[in-house]
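Chain lettering (A, B, C and D) follows the sequence in which the chains are written, and residue indices restart at 1 in each chain.
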Amino acid sequence: MTALISDITVSPRTGKLRTIWNCLKRDKLALAAVIFLLLLVIATLAGPPLIGDLATKLGLRQRNLAPFSFQHDWIYFLGADTLGRPIIARLVVGAQNTLGIAFAAVLCSMLTGGILGLIAGYSERWYSQIIQRLADVVMSFPSLLLALIVLYTLGPSITNLVIVLAFTRMPIYLRTTRAEVLELRERMFVSAAISMGASPLRIVVRHIAPLVLPTLLTIAALDFATVILAESSLSFLGLGIQPPDFTWGAMVANGRGYLANAWWISFWPGLVILLTTLSLNLLSSWARTFADPQQRWRLQSLRKTPR
Amino acid sequence: MLSYIGRRASHSIISVLGLLALVFFLTRLTGDPSSLFLPLDSTLEARQAFARLHGFDQPIHWQFLNYLRDLVSLDFGQSVRQNRSAMEIALEAFPQTLKLAFVAMALAIALAIVAGSIAATRPGGFFDRIVSLVSLTGASAPDFWIAIVGILVFAVSFDLLPTSGTGSLAHWIMPVFVLALRPFGLLVQVVRGTMLSALSAPYIKTARAKGLRRKEIIFGHALRNSLLPVITVAGDLTAGLVNGAVIVETVFGWPGIGKLMIDAIILRDFAVVQSTILVTATAIFVLNICIDLLYAVLDPRIRY
Amino acid sequence: QDASKAIKIVLPEQPANLEPCGTIITNVGQILSQNVTEALTVIDAKTGLPQPKLATEWTRVDDTTWRFKIRPGVKFQNGKDLTAEAVAFSIKRMTGGTMTCNNMAKFGDRKIEATPVDALTLDIKSDRPEPIMPTLLSVVMVVSPDTPVDKPVNDPVGTGPFKLASFDTQSVALERFDGYWGAKPVIEKANYVWRSESSIRAAMVETGEADLTPSIAIQDATNSETDFAYLNSETTAIRIDMSKPPLNDLRIRKALNLAIDWEGLTQLFGDDVKRASQMAVPGINGHDETLKPWESDPAQAAALVAEAKAAGVPVDSEITLIGRNGIYPNGGEAMEAMVAMWREAGLNVKLTMLDVADWIRYLQKPYPEERGATLLQMQHDNNKGDAAFTIPIFYRSTGQYATVSDPALDKEIDTALATSGEDRAKDFKMIFAKARNDVVADIPMYHMIGYTRVGKRLDWHPDITTNSEIPLANIQLKN
Amino acid sequence: MSPTSKSTSPLLTVENLTVDFLSDESPVRAVNAVSFDVSRGETLVILGESGSGKSVSTSAVMDLIDQPPGDIVSGRISFDGAPIGNLRGEPRRLINGQKIAMIFQDPLAYLNPVYTVGRQIVEIFACHGVASGKEARERSIELLRRVGIPEPDTRIDQYPHQFSGGQRQRVMIAMAIALKPDLLIADEPTTALDVSVQAQILDLLRDLQNETGMALILITHDLEVAASMADRVIVMNRGEIVEAGVARDVFTSPRHAYTKKLISALPHGDTAEGGNRRSTIPSGETVLKVENLTKEYLFSQGLFGKKQSFRAVNDVNFEIRKGETLGIVGESGSGKSSVARMLLRLTEPTAGRAIFAGEDIFSMNQARLLAFRRKVQMVFQDPYGSMNPRMSVHAIISEPWAIHGDILPQARWKDRVVELLELVGLNPEHVDRYPHQFSGGQRQRIAIARALASEPDLIICDEAVSALDVSIQAQIIDLLADLRTRLGLSYIFITHDLPIVRHFADRIVVMKQGEIVEDGSTSAIFANPVHPYTQSLLEATPVPKWMAVRAPRPTGRARDALTL
């Protein structure tokens, strides 16, 4: 038995990583998604110094340069935007702000929404009611108005932008969490945990949250695109990111008037937004499978007995 | 149950009133409507006269008390821009958005449930992959992008559909499609995820042992057990459409409440802002009450 | 009814209302002006001079009084006759102050009073000499005396060739008015709808769903057969806040003008735009054709900045360029481009794009206290034929948008406003020249171009007035 | 029917069935080269150790093993002469439910929580096109009545969670026999039923066999039930069949060592008085005193229906002393689980007090409750549901230590989990498995291990050993008894299994319809039952089939219900 125990305690950390990696290998799409996201992160971190000011330097004579032309520098391969700036450079440089804002906003709304939802769903006290009605109020409050108010009282800044985006996206997490909790808290294993003396906190965190999380992740992965695009529509009010800074969303919005004539201006940023969202979703559905003991076998190499 | 509805309704009324008060005070933080309503080159006196005429010169709490007093007599104020009762304007626009949102959501929910459920029966399979890719692509593409490209392709190049406007059935196709795309994408993912868990529950084995049809097992047993998050998300998306179908309304010239509200906000037509919010908030609160009741219908273990 | 004599016009925006007193608002004017309602005079697009409309002639009785002869035999669309009384009513309705009247803005702080002399003669008195009264009266829409005085209306009744048939959330419909005094228009019915996306409006005309749409974006004006460019009476500029360092230094203001790559910037607005040297478009009484726009000379700009710096001007301190979202097509890009160019010239300019309501605080007096050194993106529309609608607002110290405060200049402006005829134009030209060369209170950019797509069925061309009116009576049908 | 009908060819034959469960490691072999057959009218009883593959091999017959992760390595299954092993879709549908039906082991998990039981039964009629609408409903009510659910016409509209464990089991049974299948696979159908109801159900099954010539595969660990039903018996151990034969032979002269162990472990009622495991310590101080405990359930018919109430527990009084085992026996649905749940404050009582260590449980505040819950543990009647599906066995068992930080330092958890698993007879290598990877009995043992983990003073066992085979049952009882002696633990032992209470409990309370009808020391009650219900309980002990005389059948109220 001692042998058995020492066997189990062997570096559990690398063991876990190895399992994750093995499971990732089995899902080719998820693997591709991870690779894409990694590349994105690398480009975000290492790209801007390499690109320099190419992304903001005007080239009014290359206005709306069409993509795939070989006369120009490779950096113009995907074309140029309305001020003649190379789209490749702008995609790389814009990634930082885009991903930063979207991650921050999605994470904030998911965390606050999730936590409030857990409370609202599990507790039957007065504050549960208050939380829910507040969520209703937030849902009914037009995000644009909120943005305007923030703009007027606090002024435009990335932090405020994140606050506005996170705030308006929060109810969906809250309500989804609550809905799931309502059902989960009636399950027997919750009763069992209560009977063992588990505190409400523990029940919510250890027993209920893990079962809600997959749904939240599914929503969050798609919300990523919503947030990026919402951010671009806020720039219409001047609350968005301020030039010369820009995001993919702003690039898409910029090219909006040119869809009929210079599709590439909004197409490429739209495409990277799409690819990013797609990758996150593939990853989240992989994670969902991985986290579910009843589904995990799908990601494992199943060795059948020879017959 | 009836007492629950009553309690919920009274809470909701309080919340809506709170919302209105909040909106009332906060909108007045966002700048002076007179500078927006009058032409840029009008004089200061003209502006002051305008403010006096509409009571914007009074202390804000007076304005609010007046507003409340008028509310009691069901007077929701006049739109300074449109020279009409603000509530009348809001109530004219609301059904337009509602029917569009309703059709789009009904379509999105129905398709998402079917596609998501079938995808969940064979995760990783061909159908699953296709459904996921298509729905995610639809959901993460910018909607105005899809709308405009749709018009350029279907109306201009192929001349199959009208570009925009309302009227015939053909006018519905593109707006509904554009509006349904994102909810569809999100719902497919949610349905697929929750169905995957539900399908491995033991009672599914029971259903199989009973000899139920595949359809009945998937849609009768598994789906029913995974509907809670689905209707929540669907409800939220519907609420989002009810006060946010702006892009579609703008692009397709659909005279709905979303665009009305945005315009009113941007132009500081306060009475219209308040009325539209009152209308949409009421709709959203009612929707949420319905959804909560639906929980209890769908899952008998949930009781209020 | 002959369907082919009905046309459909797509406007960029829904008219909020149809109050004849608000026709200077583009989307109201484009529907009502010259169609449903008419004024005593109408401005000739080419000369900028007032022409008879509901008034047949006018004379200046004394310094402050003008006498107008009203056209006989004109009927309102409700069957009432047009009389001097009715015109006086319309003027009183506008100036009475019992309701908000946008068109009043064109009168500034002038006070006028109308007194009928007889059935078809009207005296109009102003509180100070008003040489351009007939021009001013082109914005006073004459409405039926049945119109309520104290509240705006959405069912205007005027004397125009068309009468309102319906107005709902989706469209406005006009019908030919058979009792019209003038020539019978070809068009029988006009339907106005609205879409904000330029590309969709263009597409609607292309597919034949609509017949005409004003102001499409330059990138959508791709078909030379249907898309017409016209000088739209708008002038774009950047206003320099002269009260704050370093902008209170003339060298810096000149450098700001010189540092721009004008040729490059022009790319954003298309080949048809005209570089501006002053705030009023050609054709306006007082516009100085000889005044040269600023050339682009980055080297000299840099030299001026250096010189100012040497003289102790805080050239490094931050200057905020305040832009307005959606002010005109490519407006945001233009601001981005200009900021980049100024930075090149060694100026520390930062761009802030605001929404209208916020931007207006910077446009109009009183300016925000804490504003710092600001540049302001703006656009000025003068389609009323006279520089009086421009100069006092920008360059007189009391002007709504003025950052200049120069008593000598104030005096010159006051004299110019009181004179008439040739001298008036000369005086205005002098002031424009001074503003361009000595004061440098702004960076004039372009006299803007509008593009209108006109369906193949119609025979009609836009002109400088198109931003404020689309007279259906002028539209002919081909074959 | 008797084994005479064997002349015809078997209805179901399973040949050489081998089933693996695949995972990242090497596959787990659950069933290894198992062959058996059953003919019309015949009863085949499968006996065997918990986790020996009984459920898996019978599930394979109905194609209920998901492949992957399950993997049928080999095997030929034929029904009525035709191979059905690879049947899917419509042909399979025509067999499942109609020709072959199954009663699952863990009824709560296997009933859909969101549908009324009525709907779940009606569905069978509907989907096989036998009856629909009103008629199907009538027939469902009739079925519920036949399985002994009281007031079936209102009960039909209730949801599974509103039924007691035994009632749910009977709902399962009703569903399975709805279409009078040719073959019924009953996986532990009577684990939660008291002896009298059990007798009813067994009679019902026999009646069906007589009526329609139904073949029955009965999986049970209850040797008395087995003996009373079996024509033939197979005995499984570690996935293999170790013994097969005619019932009488297997029971009277077992050959395989495991079978011998099984039969000898049977706590026979008569011998129990001697070698029992009752407490040796005479009464210590009172641990728990329950006074006037009452529970009324409120429920409404439909969403807007009128509130109705149902008194499930009515004025119950009892007390337990330190080191004592109180057995609660009684009719299925008599409120036993309700009492247990109230004592743990999982459902609030309508009235009454329960004094634990001088304090009323029902008026404790949060902090006191926490301390209390450390001292009292419960083993739930439906083990599957009581474990979080996302937690591994390790996490499940160590949870009490995580909750009550002072019990065990974290460094020792791993060792202790392994120890506990061994104590309850589970393979310690399975610490990283998840609940769904275990058999019913194994889950029950995990639940027991979890209850033992927090070293409580009082354990409430709700049918804790009902799904275990006799040998493991004996092992667990020994373990519990041992702990009782060593640590002075007290137990409330809710069970329907009379031999076990007789063997293990010091005192017994008998419940019927929410009330205690009799209580007293074990020997007194068994020697001299006073209440007629207790008497009927004791009488109802099943008689081996080969000894049974044909004509007379149990009589009384229960009988009447069945003949309706």
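Rule of thumb we're sticking to: a residue touches a chain if its C-beta (ideal position, glycine included) is under 8 Å from a C-beta of that chain, and two chains touch if they have at least 3 such contacts.
Just so you know, these numbers come straight off a predicted model, no measurement behind them.
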Contact-richer chain pair [A-C vs A-B]: A-B
Distance-to-centre winner among chains (Cα means, whole assembly as reference): B
Centre-of-Cα separation between chain D and chain C, whole angstrom: 88
Separation of chain A from chain D, taking each centre as the mean of its C-alpha atoms, in whole Å: 47
Separation of chain A from chain B, taking each centre as the mean of its C-alpha atoms, in whole Å: 22
Where chain C touches two or more other chains, by residue: 199, 203, 355, 358
Chain A, residues touching no fewer than two other chains: 148, 151-152, 186, 237, 259-260, 292, 294
Touching two or more other chains - residues of chain B: 30-31, 148, 152, 200, 266, 299, 301
Full enumeration of touching chain pairs: A-B, A-C, A-D, B-C, B-D
Complex contact set, residues of chain D against chain A: 20, 22-24, 26-27, 29, 68-69, 71, 73-74, 108, 161, 341, 344-346, 369-370, 372-374, 376-378, 380, 382, 385-390, 392, 399-400, 402-404, 414-415, 418, 428-429, 431, 434, 436-437, 450, 454
Touch list for chain D against partner chain B, complex: 59, 62-64, 66, 89, 92-98, 101-102, 104, 106, 109-116, 123-124, 127-128, 159, 161, 172, 175, 300, 303-304, 384, 436
Contact footprint of chain C on chain B as seen in their complex: 30-33, 35-46, 49-50, 53, 79-84, 92-93, 96, 148, 151-152, 155-156, 159, 162-166, 250-251, 253, 255, 263, 266-268
Chain B residues within the chain A interface of the complex: 11-12, 14-16, 18-19, 22-23, 26-27, 29-31, 123-124, 129, 132-133, 136-137, 139-145, 148-149, 152, 182, 185-186, 189-190, 192-194, 196-197, 200, 228-229, 231-233, 235-236, 239-240, 243-244, 261-262, 265-266, 273, 277, 280-281, 284-285, 288, 295, 299, 301-302
Contact footprint of chain A on chain C as seen in their complex: 198-199, 202-203, 217, 219-220, 222, 261, 264-265, 267-268, 325-326, 329-330, 332-333, 335-337, 339-341, 351-355, 358
